[in-house]
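So that you can tell them apart, the chains are marked A, B, C, D, E and F in the order they are listed, and the count of residues begins at 1 in each.
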């Protein structure tokens, strides 16, 4: 064999060997992936995310995908001749809008099932209605009734454990039912966080459209790669965190405080960001972790 | 206690006792229910069907619901500004129509999940894409390409067995994937029949909008209550059977010939027709059965 | 179908549907039935009780029958040329009497096995000696030695759990052994109560020859349908309860205080009283329950 | 330690070591013991038999005891003022006699349960009615109806397998039911043989009141220690075998021909005959075996 | 049968029956046997020990053998041209010596496997390196570095539980690894004690070259047959115990204080000492037990 | 992130994704690795092989290592003052040599256990004596008795299945016992082949000191990457194969003909050859396969 080829092969082997301790560490651990943003629009990125999650499944992890469907819902609301309406960033969801939202979310859900099946792994697409998984109550926006927007009050993880035990990859769309069994739309970040807590996930990873958490969002050099929750709280207190990052970071803190070992905010626009974070020596994005964990496992 | 009340109570007890041998006979047996027609439109009938299936589940049967969504699909196709089109009774299904069909079928699917959950039983709504359950190929109508209309070539029942084992009631909408993982619409009767065969169902019940099979459809007194498949074939040969009943009866014959013990054509417009057929001394509708079974179990 | 028949069928269906929530509530729960009194003498009532218990088994309950054999024992004692003798309502049981009592109780036991097997359900007839289930010590009647009359000191439920797991219906006759492995006769009410406690039964039902507990036994209109144990204790304190009801009620209180959810005193002379109590909206007899349970489940 | 004691201890150890290969050979194998004759009357012999069977259980065998109750039945028939009557050696069994027989057999059954429990092993006493184990039809004696005397037509071994799995020692009294669920008395030898066949027993041992099979019953020196079934058949053909031994030997042949590996006719009057046969180098009594087995395992 | 033979047989049976309560008491209990001393050198004694342990296995115990290899190691060290060296009774173990020690111990280990397999029981020979069972740190002798001599810091019993569950007899040689995964020689007494603690053994038996613990080692009549640990401690305090017995007795005390029920110091020079201790009415050697156990089970 | 780093990361991800289909294909399949040659001498290569096998284990394969110890045995034979002697390439193995061989092989065995444990995976080192796994008979070299050299006559795979089920990595050294339980040395290639057959391995990989099979060993360009067994037989027939490759190739053919799907002859001198063969698009070495398999899975 030529030297050049040989060297290339050796590099390949080294990458695989580099992954060894991470595979070992997370074997049979549950990882919840919140899938959204650009990574859900760009066809190539989509393919990469699904490959990553499928690989995690195959090497012994137990991934669960939780996804949203934001822009697609608006598109169909308009198609049906209605006007999407938002109150403080939350979609005002009357009965007709909820009907469309449920249709669209389930469509997106099954399209992800398709992508995973295509790679030879068994997936099942469910919503929070199946097996009564997500119980909600109506969420008010500053006291205003905005319709079928739900806040999770309880997670029944039986269906997730059953599907994982039977070796399926569960793909969840964030719809739940209230005590009258009416359907509600749920924020996908919230759903991912609540599910991660309920199944005692080892990891919760958010695929987002930003590189991570910055000390100063205007200065890319201030990207924080590791953020203990006490520091995260301080950043919030001190007003460094704003916009869509604020609720997300609060979700991260909540997850860590409820037993999830580590939460990652990853840049979904980077190909295979999930794989790289988990299987290489150099983590990417921002990892939120408990205060007592003093040493990052990538060293 | 007053005599009148006492008598009434006694009658109640007798109804329950009457059900005893049937509960015993079908304990832990799989029954596939094709749910469609009026029973899917009328809210009260809907409620009755769901109560019936839930009761079957609770007393030890293992029911699987397979449903269609015909009229609702047309409604949404029109809503999206398109024109429903049929070729020889089959919906011409271009990509846009298929997208809507999948959305609608999944919506109907999850609405049935809701009704079962409301009665306190755990249901999971899946399509034939989940777990790669239904493999299809394109179906041609007299050689004409009518788009994403699929014919089932293979059923992988793993997901159904897994859900039944974990005590869920599976609710299936008839969508499958071909070898390129494209989605196809499937006739719900065909899907119910293929699934019943694949899981070796004890019973397959079609909820329809007719009373059963007639020797002479114009003469209600010619309703056949028991039909061995050899006679069914003869009726078809002799031209007695036409319209929508022809493919349905062929499906019945196919099911019986492939290991399903008994197929029922029930009048879904009768409240609790399913329960009455199974739990009382007097069967209703038409039962298609093997030729060797000479005695009907209701006597 | 004629309207009249149709209506009758519909009524049947409604009875079955009425049972649905109760089947669900008690699914896989253990129910101990103390079987005695007239319901054990009258052949038709006997048949009804066995049908009821068998149905409970088939729809998912786990019933255990505990029975006595009082009058039959006396008949055989006399047949053997001896004189039945009672001290304060307890049978004086010398060795010869005990031998006969054991023979008769086991005969009755196996005759119940026969009735259940006849309905197609697997039963096993055991006494408290099998698997060392019932440990007793000698019971004195006001200090007087009355022979082989035992008081239960310990229940080893292994054999009951094993038989239930293997899907048998256990039928128990109340004989136990003391630490010398001598056999003792046990009051059947006491045995039923001790067993219900040991297996953490959901329900304990006494089939008796009265309608239930009365505030004033002379006034049938004072039948109490629901009796929290604090009130039961007060009734006893205030001297309203006497005769055979007193120890029975004490047993009921004991059972509730030791984890049984609900105890029923049913009129065994009413056909299918067990079924009617459990499966219809209108309970019959008297239900003894914990004080904290404020709402009766039949509403 | 003194030499004498030491030698005695060493002898003890050698006896235990001698048992080693037999324990190993029969580990987890089923052995059916037909218990009857003197060993059931003499209290000391009784104790020995129960010790033996209990030891077999403890070292890993799966013993099943099948017992009769002959003389005791006659005693109670007389006690009840009736006259025992025999036709060709079979008890004429009218309904009243059958009732007594069932009472007595169950009494004996539970007295054996007591003896085993006393040694700390869990036993369950059942009859062939429990779990529908023994199905019979009426047996005629040369065409004469002799009442409730049954011939086994079918054995349902489920209850035996379940009890063995749950680590109980099953003790069986030979009563069965016909297709009308009427009770019948069964010859205990026949019952033991039918059960041994049904559970594919490794061994079937008859405890009898003779030393074994003789070539010439008048000459004790002609005791046969090993008897291949072809030779057994020849002995019968040649008229050497008579009396009670004839049906017993036929039962042995039947058992061997239906999968039981070895049948032993043991002298129940010898203390611990069962243990000695199984655990020492020198078998006792007569072993009936297949023709192909040429080497006896005691050498 | 002749009277003399008969009597001999009866005695055999009595030995077996004598074992019955002990078999019962220790059924499925773990017993750790430290195998060493003369019993490992003399071929006949070796055979006896293996027979004993195998018999224990066959009658339902779960034995684990822990063995040393002392003299054999020295023999091979010399063979390799090196000089065995001891510091305070501990072998000075440089790298070369450790290599030989590991070779010899594994050879001895597999030779024991052979002896057990020969008796038809499945054995697996492992060291403390397999499955990471024994974690050690370097042991110093009065502060002096004596090389690869290890002190156990942690026992991971998974491999032992797994092998026992799969019905193997584990045979362990005392080698462990430190945190750098270097191999260390461990004192076999210490290893047996640590393992007995880790698997919550019912018994720990040391096969030694002395009769047991003496009050006065010079006076054979002062052999102690039962020694509660408080008395053992007092004996040590008072200086009665010396030589190799001191660490052994400390090990015994440690085991009892950590959940092992009883520790036996047996004279391995007595044939079948293990069997005799466990299966006969007269224990041999010295039993160390908790202070609260007031009655010795051999009475 | 800098572009250069980004590209490097992306390449890493691609390597992992490239492995995805192979991980999937061999999930839970058994792979037997014959470990020998240079890869067992060079410390770095050793490390690589163990990393590779450990990674295979972690991503879901079930690897079994079979190793030899050739040169190390000779070294110790000499050390003990003896002269290694070979007859037709087979080591003449008298009793003393066998003793040393067993010591050395077990030492090597445990040193591999250490390397695997170091990487955090549980390994168990066994020989063919454990659990009676390898039964052998004496092997003669052209009729000449060469001592304790064995030929495998039977493999009892129970111990391997048990260890795999309990998630251990079995490491096997090639020693077996004959019917007298004497130990024999076995050729490691033969052992690996026999084991692969017995456990129905998916793959058998030989780590050797050559690049693979050549059409013309003198011309490196004639390396055969895929060799159907019919062609392999032809190569042998035509005399192209000689030396140590001949028995190896015969082993390969034998394995394929007995159910192993694919056998690989890999160059153990290439770092991570095992990983590269299995996880990359470009196989290395020579793959021997069945004639019917027409398409190589690396395309």
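Heads up, the rule we're going with is that contacts are C-beta pairs under 8 Å (C-beta built on N, C-alpha and C of every residue); 3 or more make two chains touch, one makes a residue touch a chain.
By chain, with names taken from UniProt: A, B, C, D, E, F = Acetylglutamate kinase.
Quantities reported herein were computed from a predicted structural model and do not represent experimental measurements.
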Residue-number overlap at the chain E/chain F interface, same or different (half cut): same
Euclidean distance of C-alpha centroids - chain B vs chain C, Å: 43
Chain D and chain F: spacing of chain centres that average the CA atoms, whole Å: 56
Chain A and chain D, separation of their C-alpha mean positions in angstrom: 69
In chain B, residues with contacts to at least two other chains: none
Chain contact topology (line, ring, star, complete or other): ring
Chains listed in ring sequence, where chain A comes first and chain B follows it: A, B, C, D, E, F
Residue ranges of chain F touching chain E (in the complex, touch as defined): 79-80, 99, 102-104, 106-107, 109-110, 113-114, 117-118, 122-127, 129-132, 158-159, 162-163, 166, 168, 175, 177, 181, 183
Chain E residues within the chain D interface of the complex: 1, 6, 9-21, 23-24, 27, 48, 51-52, 54-55, 58-60, 119-121, 211, 270-272, 275-276, 279-280, 282, 284
